[in-house]
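Have a look at the structure that comes next, please.
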Amino acid sequence: MVEKMSKIEIIMNPDKFEDLKEAMNGIGVTGMTVTNALGCGLQKGHKEYYRGVQVEINLKQKLKVEIVVCEVPVETAIQTALKILQTGNIGDGKIFVYDVVDAVRIRTAERGPAAVKDPK
Amino acid sequence: MDTMILNTMWVLIASVFVFLMHAGFAMVEVGFTQSKNAVNIIMKNFVTVSIGVLGYYVVGYALMYGTDVSGLIGSDQFVLMGSPESVAGISFDVFFFFQAIFAATCATIVSGAMAERTKFFSYVAFCVVATTVIYPLIGHWIWGGGFLSSVVGFRDFAGGTAVHAVGGFCALIGAIMVGPRNGKYKNGVPRAIPGHNIPLGALGVLILWFGWFGFNPGSTLDITSPATAHAAVTTLISGAAATIAAMILSNVKYGKPDAGLTLNGALAGLVGITAGANQISFAGAILVGAVSGVLMLLAVEYIDTKLRIDDPVGAISVHGVCGVFGTLAVGVLSMDGGLLYGGGMTLLTAQIIGVGISATVAMGLAFLTFVGIKATIGLRVEESEELHGLDGIEHGIAAYMDL
Amino acid sequence: MDTMILNTMWVLIASVFVFLMHAGFAMVEVGFTQSKNAVNIIMKNFVTVSIGVLGYYVVGYALMYGTDVSGLIGSDQFVLMGSPESVAGISFDVFFFFQAIFAATCATIVSGAMAERTKFFSYVAFCVVATTVIYPLIGHWIWGGGFLSSVVGFRDFAGGTAVHAVGGFCALIGAIMVGPRNGKYKNGVPRAIPGHNIPLGALGVLILWFGWFGFNPGSTLDITSPATAHAAVTTLISGAAATIAAMILSNVKYGKPDAGLTLNGALAGLVGITAGANQISFAGAILVGAVSGVLMLLAVEYIDTKLRIDDPVGAISVHGVCGVFGTLAVGVLSMDGGLLYGGGMTLLTAQIIGVGISATVAMGLAFLTFVGIKATIGLRVEESEELHGLDGIEHGIAAYMDL
Amino acid sequence: MDTMILNTMWVLIASVFVFLMHAGFAMVEVGFTQSKNAVNIIMKNFVTVSIGVLGYYVVGYALMYGTDVSGLIGSDQFVLMGSPESVAGISFDVFFFFQAIFAATCATIVSGAMAERTKFFSYVAFCVVATTVIYPLIGHWIWGGGFLSSVVGFRDFAGGTAVHAVGGFCALIGAIMVGPRNGKYKNGVPRAIPGHNIPLGALGVLILWFGWFGFNPGSTLDITSPATAHAAVTTLISGAAATIAAMILSNVKYGKPDAGLTLNGALAGLVGITAGANQISFAGAILVGAVSGVLMLLAVEYIDTKLRIDDPVGAISVHGVCGVFGTLAVGVLSMDGGLLYGGGMTLLTAQIIGVGISATVAMGLAFLTFVGIKATIGLRVEESEELHGLDGIEHGIAAYMDL
Amino acid sequence: MVEKMSKIEIIMNPDKFEDLKEAMNGIGVTGMTVTNALGCGLQKGHKEYYRGVQVEINLKQKLKVEIVVCEVPVETAIQTALKILQTGNIGDGKIFVYDVVDAVRIRTAERGPAAVKDPK
Amino acid sequence: MVEKMSKIEIIMNPDKFEDLKEAMNGIGVTGMTVTNALGCGLQKGHKEYYRGVQVEINLKQKLKVEIVVCEVPVETAIQTALKILQTGNIGDGKIFVYDVVDAVRIRTAERGPAAVKDPK
């Protein structure tokens, strides 16, 4: 396990997802896992009403996109995501990076970076 | 004879429309509550239809339409024994069909207000009482030849009081006695517990509206009467006016057109016109609708924040408040004897007395019933059950699964 | 003439009610299966309606209601050519309308039992055969002047056998031949594969119930007959009794009122009363309903755990078992010739023969059809397709998307 | 007198069927768009019904059916003042009821095509204009005694032009003026923005089909006419043929039976037959249906990829294109004067003129209206609002919540 | 990146979420991301029936709340969550803590702790 | 905190979940958290049509199963998952392993490995 693996977690607005996916494919990302999430961040303080009752902080629909990378440098991925997602408005989202200790491609039982690389 | 067949056919078809209202109620209640209780609500609705119909068949019909005893109660035709061939100019079977489907509606109203925290079998018990005693008793006074119609001169065309106000006031007692949902009030300040599926709720409202075209016009039991068509139009435009009124008011008060209140607005207008759909003019219907929409919205807020009674779907405001208002509106706006039409105070007074007695008795009987249930099987689920949702614990299944 | 117009109108309206049953079937089947196959099920339902109607127009009607040949089959009016102006006292067009909408129902029943693993075009092929051959042939024997009614004296008022038992037994063969869903049985022990949307399933059941008020009362084709109103009431209370029976029994057996079985209960009661809705008394209807609810529940368990036939929505139990039971019940409970009403064994015997022949022939024809399909285009999707859901691979789209 | 009651009853019931179409439209539009805009769409549908009905009551009816002025416009009966007791052989109230529910349909079509990016109150403003001016004006020319029917000899049985083509062409203008949804086109290449709930969309289509049995057969206003039953059958089989045609063509073109296009196919067939449901033969109805299904599919593709107009639910193709086609088909296939039935070019010419004028005027008026709205309150939501969904920002609530 | 960042992942019952959100805001948490999840833990062994067939372990609806913190000490956040969520019943949930290697605020491209802190 | 804790994240096809759950219970896993996810990996390039418009990469429905272990060796869990999930087809899924810094059982406020172990 010489090559370090990292997980890049992008919390983003759902609408830009198609663009992000394309861009990520463009830089050689081989896969990603996407989850629906609700986020609250600096958009807080926003007051809403539901049937006349104040609802204070509204959770916004977000996508959580998880990408485990090794070959693709983390920095490339972050810059690519920034290019697509940055609009300058509150709610643009966040990126978090984590270490990945090990990876397995279930189909072949390959381990470590090999599990994440494109086998072709 | 021909007219009888015609009317029988009309009421049969109208009844079928009314039947679909149970799908409407189910979707509204599911949509405006949390997903973790959706199965429970569905089950309550199925039980309500089924028990309502059977209870009404065995006992309810007899108490409501059996031979009158002192203007108070019907006394024969239990299990429909000894029933005539025809009633009110239509076949008896169809008359019973229409009435039985109506009966279940009253209890359904209560299930919405007590949703998300009431024990399943406790609701079932209430449902039995509601469809065999509460609704038939008051129904007898209003429609079965009892004292409210025969002595007081009270008028309730299609059930603004008999169904909606009675249901709404039972709901009030039920919601008070079962208490607010966990987390609904914090230091006396209400929190929103949003419904989980607005599109399903909206579908429910439109299905209810559809069914109401059986509920109101069907209540003439007479397709040859111009009142039938008149009732269809008033039902249409009162609902429309209330929808718009609630939408505008919610926009003014809360800065945005609120979906929950707009949808409730439609129902408010439909409940509001129910008592007088046959005798209020078109312009009057728009007025009744608009006021109903406004009243409902204010009532929802008042009940929620001032009275601190937790009514997840707004049943008390929609059915109770607008049912009463609509009944009183008959006294003012009835083209036949209303205050504005030169009828003086006679009709209005009768309406006040009638709706007052009905609501009071409904509340009293509901109170006794819930006290009895509380003392025996209990009314409310465990806190942990409420937290995790009634579906898993009361029915062992989640409404939405993907595993 | 006037009566003809009245009856034409009634049957037209009843047909429209029946049409909505297709929405009911679609929602029930979607709700009680997994989300990954929801689009596939929707498509099957649309195809069923469309092919059903067209196939019945071109061939089915002729075989069913064309001039009888030796009590076995109809022989003219293909593509409705040479059809009369009126049939059975109503306009021919409306008669065809009613019948065509009925025809599609039979095949729909099969789609539920074979859901989640059958190839789309294989089902389409079966659907064509079902609505052009199987249903019209047996339908001819029962309703088209064929030997079951004319010689045997078999009675099936609204299709307890002609539609439901035939559909249910075709479903039995289909479910056996396509085999259980992957993962349904592990070492012979069944696993639950829960439906993904109970509220939608519940909506479907209530819509079906609504439509049944066209299906049963409409089957008199005669609004002037008291049997029409009678059938409406028996349909109502049989469904109610079955709902309660299934709920109570599920509570006793499994410790909780099971939502899936309670909902199926309602359908069981409706199927049960279909064959005799016009001639079974109200008390009899409650009995038929209650027994149907119980039978259905036991059948679901037996088919699932003992026979190890995988029927995702319980179609075999609901339509097959209760269809047969209800048909036999006519022999016992018919107020006109039933065993309990002093009619002796004549009617019961006719019912046994009729339902026996119908079910056997339905199974035989379904078997031949599925054998043919299996040998040509195949019956079952690839394992990986089943695993990933039919929606993506057969239709290229997921039912629920949020991206 | 008896016939009048009969017809009044029939139209009343048909109107109630048509009313449920609003639930159908709501579900179709919700199902075929994204979940983040579902509340907005629901609200638009409620507003459409309500405003449609009220606007038609106050102004629309008068312009459409008031005393004709030079074949151009109605001129009295505003707020229904001075309206007669009966019209067209049925009670006036029911006539109005039927017409008012129709009126709202036209605007609803537009809401689908402009979904997911139009300001809520801008749509409300359009809806007011559509139901008080655009629809009544053109409706007057076609049905209210105006020049298209009286001078040109144009025929539109149930609204293939008056409702669907007019709605569809308003939708075309609306969709062009509001522009495509963000992300719909990238370098001129369209992207799919899939709907979020296919089962709900399918339910909507089946409910619409149900309602269409009021829309078309009800349009005779006469249950004693054989055309009523005829229209029911043509509505059934045209829808069926279009469903199958669209399914097969989508399978051929895209390798899989496409759910969205198959469902749209059903609607295309229903729209296609609307103009001539009473006078096109059964075989003709199948032809009209099949061609409608094909045309719709090609139009969806053409509008999406060539014209680059973004129509999320396919309203322009379904209602506009098939509305026009169906209207022209009357000129060819009408059994009473159509080209193929020896009527020569007279009727076809009238149809071409009528649909041409109607579509042109509809587009012109829609254009003016949208220009006005754009200049005042604006037409389109902010980009960020569109991105986050209209629900949160325009209504402060999400359609589906589980927190 | 002197200040260490951590992700706190709270698996909890959905009903307490409003309280948790408030409490977290109270201690200065600037954002969180919430996902619907199904959990099985010690609640296992619970037997259910679906249409008469035994369903063994039932998955319970849970919320997964993810909070990345740097200024707010992890311990404060854990204690706050405990205060709100502990009822003593099985099913109360779990908290897991992970290291975060990097963070990006997409709107401003700020990196590391600055991306998580309140910019105001 | 002598015993190291790890999170095993399995991205898998929904259909095998029952088997996996059983197998994991078999090796002493005390809990897991499951989320619906959409994945795209080497299944990319798959072309679909929606209403006649090409949809390029299709996201496939996946389950994300997260299991925090300490007693159960990570390797055992991985091998168990492989045994159940490997079919050799594209789309079989992936397993990622992360370090867990701390864990809390909310019910008892137990910390670290004790929070993950079976208390019985």
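Note that the chains are named A, B, C, D, E and F in the order they appear, and that numbering of residues resets to 1 at the start of each chain.
Note that in this section contacts are C-beta pairs under 8 Å (C-beta built on N, C-alpha and C of every residue); 3 or more make two chains touch, one makes a residue touch a chain.
The structure presented is a predicted model; accordingly, all values stated were derived computationally and were not measured.
> In contact with subunit D and with subunit E at once: which chains are those? Just list them.
Correct list: A, B, C, F.
> Over half shared or under half: which fits the residue numbers at the contact of copies subunit E and subunit F, same or different?
Mostly different residues: under half of the interface numbers shared.
> Between subunit C and subunit E, what distance separates the C-alpha centroids? Give it in angstrom.
Computed value for the inter-centroid distance: 49 Å.
> Calculate how many whole Å lie between the centre of subunit C and the centre of subunit F, each centre taken as the average of the chain's C-alpha atoms.
Comparing mean C-alpha positions, subunit F is 42 Å from subunit C.
> CA centre of subunit B versus CA centre of subunit C: separation in Å?
Once rounded, the distance between the two centres reads 34 Å.
> Would you pick out the residues of subunit F that each touch at least 2 other chains?
Where subunit F meets two or more other chains at a single residue, that happens at 14, 18, 34-36, 38, 48-50, 55, 59, 87, 89, 91, 98-99.
> Considering subunit B alone, which of its residues make contact with at least two other chains?
2, 6, 9, 13, 36, 191, 194, 197, 203, 254-256, 258, 260, 396-398, 402-403
> Mind pulling up the subunit E residues that touch subunit B in the complex?
13-16, 18-19, 38, 48-50, 55, 58-61, 87, 89, 91
> Looking at the complex, which residues from subunit B come into contact with subunit E?
36, 182-183, 191, 384, 386-389, 392, 396-398, 403
> Within their complex, state which residues of subunit C touch subunit B.
2, 6, 9-10, 13, 17, 34-35, 194-199, 202-203, 205-207, 209-210, 213-214, 217, 223-224, 226, 228-230, 232-233, 236-237, 239-241, 243-244, 247, 254-260, 262-263, 266, 282-283, 286
> Give every residue of subunit F touching subunit E within the complex, in rising order.
7, 21, 25, 30-36, 68, 98-109, 115-116, 118-119
> Where on subunit D does subunit F make contact in their complex?
The contact residues of subunit D facing subunit F are 190-192, 194, 250, 253-256, 258, 260-261, 264, 297, 300-301, 304-305, 314.
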